[in-house]
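Report on one structure; see the data block that follows.
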Amino acid sequence: MEKDKVKFRQFLCITFLIAIAMKMFMLPVLLMRVSGRDSFIVMLLVLFTELVLLAVVATVIFLSGKKNLYELLKSAFGSVGSKIIITTVSVFYLIKLFMSLVDVRIFFSTSVFGQPLNVWHVLPMILLVLYFAIKPLAAMGRLSEICTPIVIISMILLGCLTLPEVEFGGLNPLLAEGWSKIGGGYTTFSMWYGDFTLLLMLTGKVTFGKKQATGSGKIYFSLISALVAFVFLMVFSTVLFAAYGDMTEVLTYGHNISNMTQYAVGSYKFGRFDLIIFCLWLTAVLLSAGMMMNFFAHGMDFAFGRKAGKGVTVAAGIVILIATALFTDLNRVTEFVTTYMWIPSMIVQYGFPLVCLAAAIIAKIKDKNIRRVQGEAVKSQN
Amino acid sequence: MKPLSRKTKTRLMIIAFALLLFSVSLTPLAPEAEIMTRLMADAIGIDVTDEGVVVTAKTINSGTAEVVSGKGEILREALQNIDERYGRKLELGHCGLVVLGSDLDRDDMVSIFMSILSDASVNAGCSVVAAKEKAQKIIEDTQNLPESTNDGLTGYVTFSDERLAVTVPSVLEFAQALRSKSATGILPIIDLQKKESESGGKGGNQGGGESQSGSSGQTQSDEQSNGDEATEIVPPKTHRVIGETVYDISEADSYGLMWLQERTKEGLVATELEIKGEKFTVRAIIEKKKSSIDAAFDHGPSITLSVEARLRLVDRYAVLYVVEQGMSLDDVMSEIEGSYKKTVSDEIKVTAEMSRTDDFLGYKTYLYRADAKMYNAWSGDLNEVSIKYDTVISVV
Amino acid sequence: MNCHGATKAVFQNLCITPSQAAQPKNVNADGILNQMSTKSLFAKNDFFCCGVHGEVLAATDLTDSEGLRDMIDAIKRADGEEMNYDILMRTVLVPLEFQKIDDEVEAIKNLLSGDALVFLDGEEGCVSVNMRKYEIRTITEPPTSGVTQGPREGFIENIKTNMSLIERKLRTPKLKIERMKIGRHTSTEVAVVSIEGIADEKIVESVIRKLKKIDIDGVLDSHYLQNYVEPRPYSIFNQVGTCEKPDICAAKLLEGRVAILCDGSPIVLTLPFMFLEEVQSAEDYYQRAPFASFLRIVRIIATLFGIFLPGFYVALEIFHFSIMPEQLLQTIINATKGVPLPPLAEVLFVILLFEIIREAGIRMPQSMGLAMSVVGALVLGETAVNAGMIGSPAVMIVALSSISTYTVPDAADSSAIMRLVFTLIGGFLGLYGLLIGAVFLLIYLVALNGYRTPFLAPYAPNIASDKKDGLIKEPLLDLDMRPESIPQINKRRRKK
């Protein structure tokens, strides 16, 4: 197999899974605490911004041709500059990875186990993401192909079981207090957005059939894939917004979309099988976390060389484990992240694609110039 | 001795780890079945007394039903009290019914439901009903329900919601109603009455308290065989309004509620009509029903109550009798339809007017959803609301 | 095997040093006989033919004594003025399978395989004549590949018979067979079979190269070779296909695979391998497609049951009883009331019981088999449940899981280990652990490749055309292309 490449179809699957991964558990509840039922508007704005971000990422992939991310940045910003950028972004993704593990931990603690998970429970998850880090991109692409139908079927099943019971009228009235709540909701939780920036690690690595042509316009079909994911996400989030629009004080950091919605309707008789469905949905989060670790690992390899990079990756895993042991109050962690990390998060997740876009354009211009010069040289020789 | 290769060492470590886990699983270090440390609650009743909150739970374990109770200043404390008294944690995840005593007011209920929802201990879809008097009595009397009752009180309530003309709100729906702009909820009232038994054994089996495996249904306590009367459920025809004041509305006043609640799809309805001097009571079942409440601010707040229903006659012989008297079938059906329309409209009007006092139909909520700005500018006096009726009845 | 230019490895197989091999010895019967530790196993007969003295050397237990006698008589009866190997081969040995050998090493190998060596005085080398005759099993239906429809022949331990079974299925001049002998003390005959023009040459060469590199005491079964040819020999998952039936083998060869036959083993190895092959059965191609699809889906569900069900049950009982419906919950509470062991220990104990019963059932003498099965099932199972030692749900779950793993017998070994692993995970970490474990397993499997064939093809990576013969099987009319997952030269089976 071409270990370092993903097929176009796999790229679409990864886009779909990343689109929903970090947004489906805690984000709707967190938004409601700040924006109430206007979280619906906030969510729409967020998803629109995400689509724009994806378009930028797709353009970078389109323009880069066969160059990978590191080559692109190196050619535009030089060796030192590119290493600084990659290291910064990699460290950010390590923090984001920690947050996604926190989300998973909270979900299992509150909804599935009913008691907090300790550090020994988190260890398998850390081992899993480290395992992802050593696996080639093709493995992740293939995993996404298996997980995507499972996630889609589970969402359709959940929707069929729960949506007929929902009173969507509870979503009204939107913007009853004007736009005052929208800004807060949009910015505070930026750590949970900007997931598509991760797709930049696939720059130069997407193949389009046997006639390899990285840089095909087909890459923009990923917008449709993301749109489908967002439709699912909006529907399930809207259920929460409609149901709890008048009762936001009931929601705390520990809650998530699973245990607060009407997914449990009738479940005293039939059991909480929606939790099993949510666990299937969770594979998207694990894939996303794995990709973050993979990004970090490759970033460290690029910045420090292969051997040292491996050591840094392992050390990072240990740091996450220690952090898990130290930071047991997950509400505080979430609060810290929402209070202090939202600006750096926006800068990295929205700024980095623009930096890469600039690099891609610079590289394209440079290539053109080189080809022109070479062409002129050949002409003058003749 | 030749040192072991890295691969062999790794494999030995994995095998040793697996064996360790295997041996740990056979020791007390292995997790116990949490199932055994829980009391599975099937239904809970909540009362408020001078001493605080009293929680009574009907639990089912190994096929045996038992009633447990606990007291505390708040709901959490009362539940904790049960854990302490019985040495097992009360598990509410499978609870299908919450019964609220008559002594609870709106504020009590709001704090109880906010607590329940924030803990997510009771699932959001659990049914809520009101007890005629004490919820504790209801829960205790369910022990004596006959086996013919569908799966106990919980099953009966679910059945009522699906098949009888009663809308039983869920925990989430009721909490939404209390927290909405209307700040009023409405609950069907459940009561149990003694059933006279002809002999010591009538009304149920004489089992010694053990039911068949797999059944979570009712069992007869040993007291049954000693002569205690069996109980039966009084069908929930009346309702309790929980708003600024708490009061019950009669069966007759509840008819309109049946028409206006979207979830009630079935029921038997009767109307009286007079044809050629003869009075007839005609009955029909609801075959299809659609209802909606629409709000708008057109020259002031207005509410439109729309009901569209198709009824199927059950008293066809009465119709045929009248046809035999010389009236045409079309005329008879038209008379019947007209009569039903009047009956239904009257019933709806009664309920709609009652709702002006305590907004259990949710006028304010609908108005707020329709136009928040206009709502905020409005005085909030429900007497200013103009109510329009749109009733379409067809009889087949 | 042609020994000209033989490698050092070949000489080592015969415990001959390279220095000895460098100087070709004069092949003679006495010289060969002196090298044998047990001379009584061999018989040397002298004869005169056309005035020339000669000798026949053969292993008494491996040769057809009547045929040998007939051959010697025929040699003696030969008339002519002179006699040499050419004349012998052209006039006397014509109806027989023979081979001129100049190398002592090869001569010994052939002698030990059951050939008779004919020596003529004054001539160099000898003639090896196929006189092999040893008891072989009749061709019967293999026990692990039973079908209700379709051929019932199976391979046996004799490579020649197996080869003939394949040749009867594939009557094509393109059938390519590469033979070799592997094993220092067994010289086991191994054949690598492929179809020229279909199988990828690189894969064929790679397999042959790996087999030739093998330096081992002896090869007693094809599974000895398995570890040498599969990409990850330490994995618990099969990465080499096996078959016991010539029709399956022929079908795999026609898809572009390479088959490895081993003398002494009825199991033929095929490469490259995909997990989907374990779910497929030969019978699928002899039945109607919808039913075959149904059965494949049942098999995959059964495999998943087999691996995950005990772990899932344990996780639910310990941590997540809220997931269970109320009625089921009460049933389980009733059934497990009073069981002294924690759920994890209970299930592991039942798994252990089943494995003991299964293993004993295979090993015990047939005369005791029925009685002991009754003991196992009734005493251990029912009595233990009635005594309250174990719960009936645990017995039911483990029984269902055990039976489920055998719907795909080739994957039963890895399924059994996975089942244990996931039971432990479920018992300690619940649904969370099962999810993490499942993702770990998936990652491992999607990254598993052998001979440029992904293990989970055609689902990961997605290969749409191959899905026609995936979990859902389409009728043969629609299967006009060979699987793209397997590298081959010629993709098209037939014209559209």
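Each chain gets a letter, A, B and C, in the order it is written, and its residues are counted from 1.
Just so we're on the same page, a contact is a pair of C-beta atoms (placed from the backbone, for glycine too) under 8 Å apart; a residue touches a chain by one contact, two chains touch by 3 or more.
Not measured: the values here are computed from a predicted model.
Undergrad: Touch graph across the chains, line, ring, star, complete or other?
TA: complete
Undergrad: Central chain, going by Cα centroids?
TA: Chain nearest the overall C-alpha centroid, as shown: A.
Undergrad: Where the centres are mean C-alpha positions, what is the separation of subunit A from subunit B, in Å?
TA: Those two chain centres are 41 Å apart.
Undergrad: Whole-Å distance, subunit B centre to subunit C centre, using C-alpha means?
TA: Using C-alpha averages as centres, the distance is 64 Å.
Undergrad: Approximately how many whole Å separate the CA-defined centres of subunit A and subunit C?
TA: Taking the average C-alpha coordinate of subunit A and of subunit C, the gap between them is 46 Å.
Undergrad: Of all the residues in subunit A, which ones touch at least 2 other chains?
TA: Subunit A, residues with two or more chain partners: 268-269, 272.
Undergrad: What are the residues of subunit B that contact at least two other chains?
TA: Where subunit B meets two or more other chains at a single residue, that happens at 93-94, 96.
Undergrad: Going by the contact rule already set, what residues in subunit C reach two or more other chains?
TA: In subunit C, 319, 322, 326, 328-329 touch at least two other chains.
Undergrad: Along subunit C, where are the residues that touch subunit B in the complex?
TA: Residue positions touching the partner: 234, 317-319, 321-322, 326-337, 341-345, 348-349, 420-421, 424, 427-428.
Undergrad: Along subunit B, where are the residues that touch subunit A in the complex?
TA: 93-96, 114, 117-118, 120, 123-126, 154, 158, 170, 172-173, 175-176, 179-181, 368-373
Undergrad: Using the touch definition up top, name the residues of subunit C that touch subunit A in the complex.
TA: These residues of subunit C touch subunit A: 319-320, 322-326, 328-329, 429-433, 435-437, 439-440, 442-443, 446-447, 449, 452, 454, 456, 459-462.
Undergrad: Using the touch definition from the top, list the residues of subunit A that touch subunit B in their complex.
TA: Spelled out, the residues of subunit A in touch with subunit B are 110-111, 165, 167, 169-170, 172-173, 176, 243, 246-247, 249-252, 255, 259-262, 264-269, 272.
Undergrad: Report the residues of subunit A in contact with subunit C in the complex, numbered from low to high.
TA: That would be residues 1, 7, 9-10, 108, 112-114, 117, 121, 124-125, 128, 131-132, 135-136, 138-139, 141-143, 145-146, 268-273, 275-276, 279, 282-283, 286, 290 of subunit A.
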